[in-house]
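Chain naming follows the written order as A, B and C, and within any one chain the residues start at number 1.
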């Protein structure tokens, strides 16, 4: 029995990962789905990256979790990298699932194409509370391309506006992921088109891990909605010793 | 219920897509398989691209088809792009299945490696009636690599000589595909080696669509022969809203 | 009924391919699993590439094998290329399975990243008998990433130290693979990370074959251990006419 902690991406909360956690539990493990500060109901949309990371560190300590397989999705890759840098002794393995892999001093916006960053900044300027949202056509075609329309709509309604500051802030790390002495895996959904084809998740970001285990699985960036059981199996294949 | 129109590639006719259409109909939709001018029995092998496009426009009008999911395979990508440019109001979504995506002024030969173009021109010069054919070893190894030998031979016998002019002619478009205000999908067969690995279908040509939905499916360029039901499912995943 | 000869990679023997051979036999074919000179019990670890190739030529002649589908894994790609160059008339088709494809004058070390070559040379220097081994963490994460830990360990224990000289020696060929008049296939396991992502097996090495048939299958470099039946099916799809 292993202990899985699933850290969601931008616009999500832990609740959307519950079906994945349920499938991991059904395989005999423990699974936790915290929500990062900034994405909880009522959180300020000016939350920064440091606070966001610290909120998951706090969660692990409060729940006395150790020997953790720590899984991060998308923006959650920033969080798990920062968490491992701060409480490495609690981590058994890091699993990046189509997730950002930052080196010290990098932000999410440093790892996305410049037009994406410009779009986020324009949306945030219009919204005025520090948050960004994702236009539905981009969500439907490029993020959740493997689901039917009803699933895409239902999932879209579950999203919450995301603090732009968490995407702008540069991470402070004592050591880059490639040098971190923790086992690492990368789960790559092979139809993930949320990043463009010339700046993909894998291998562009995965190779920043140094030695890592690759697991690939058919699916979009949002396989948590379109096929949570299949995603859970990929996470289990990535998370085992 | 949606209306699918499947537009075949070079050397094919609509008849070879009937098993795919049958699987689409079994899922509750309408499906049509016209044959492009130049590939019908008795057609001149000096047919040009403009006539070829116009023949499918005529088919849609004669059959009063509207709200169409228009699917194009290979050379058929030229046709559906031209058709959408002319009768955009009849199209619900374009689905490119390992298909050429032309911008205004481009031809098929502009999008294939120079040695391929030279081979086609040499074959046409030898045949003398304006048509090109495909040598069986290339067909068997690079086009239908996922089928058994009997299927590869049977499919090869169904092919008809193809007008080189349709591959040489540059398309005239009012607007390039990326700017066309129609939903778009790209179906990529992951073992398609009909184009070389350094000039692939996806993402080289797919990304010319701008925002599009990616669907990937195991199979060769000729999945219509080797597994029509699997292809039909991929087309349905690509064609839904 | 066809005749398959499966040629193992570095550190392996024919015995590890027996489950694959059994599945090929169950499909109605003959299958042989010779062990290359240098990897047999008691062999000198200073065996060179030429002797290694010759040992498989000898095996084919001693067993009077003809019309062979000759399959090579990894380093075994050097062997089958050399064998086909010497006894081409016995070969029906070459199947490279995540295998090196050498042109005349190339060695394995010419086709791997310089840091890999340096690591092998350092390990060999430490061992002192001419052989190299693979550190377990690299094996587990990058070679057999799709297996559970017990399978990874059991497989690791089956490995034998490999003669560095076979990886250093440059092959002597009368003709390069692309010009060799024998049918060729390449089986690519899509999660093979034993070579880095910027210097992959396919298409970097496969395209040196000229016209070839691509077969892809989910799995790591060591699919022979993690799913021998799935690998056997891929080899059968690659090996048929």
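In this text, contacts are C-beta pairs under 8 Å (C-beta built on N, C-alpha and C of every residue); 3 or more make two chains touch, one makes a residue touch a chain.
Since we're looking at a predicted model, the values are computed, not measured.
Peer 1: Can you check whether chain A and chain B touch via the same residue numbers (shared by over half) or via different ones?
Peer 2: Mostly different residues.
Peer 1: Angle of the rotation mapping chain B onto its copy chain C, from a C-alpha fit, rounded to a multiple of 5 degrees, please.
Peer 2: Angle of the fitting rotation, chain B to chain C: 120 degrees.
Peer 1: Between chain A and chain B, what is the gap in Å from one C-alpha centre to the other?
Peer 2: Taking the mean C-alpha position of each chain, the two centres sit 38 Å apart.
Peer 1: Counting only residues that touch at least 2 other chains, which ones in chain A make the list?
Peer 2: In chain A, no residue touches at least two other chains, as defined above.
Peer 1: Per the contact definition, I'd like the list of chain B residues that touch chain C in the complex.
Peer 2: Contacts found on chain B: 137-138, 140-142, 145-146, 148-149, 190-191, 193, 196-198, 218.
Peer 1: Which positions of chain A touch chain C when the two form their complex?
Peer 2: So the residues of chain A touching chain C come out as 183, 202-203, 206-207, 211-216, 237, 240-241.
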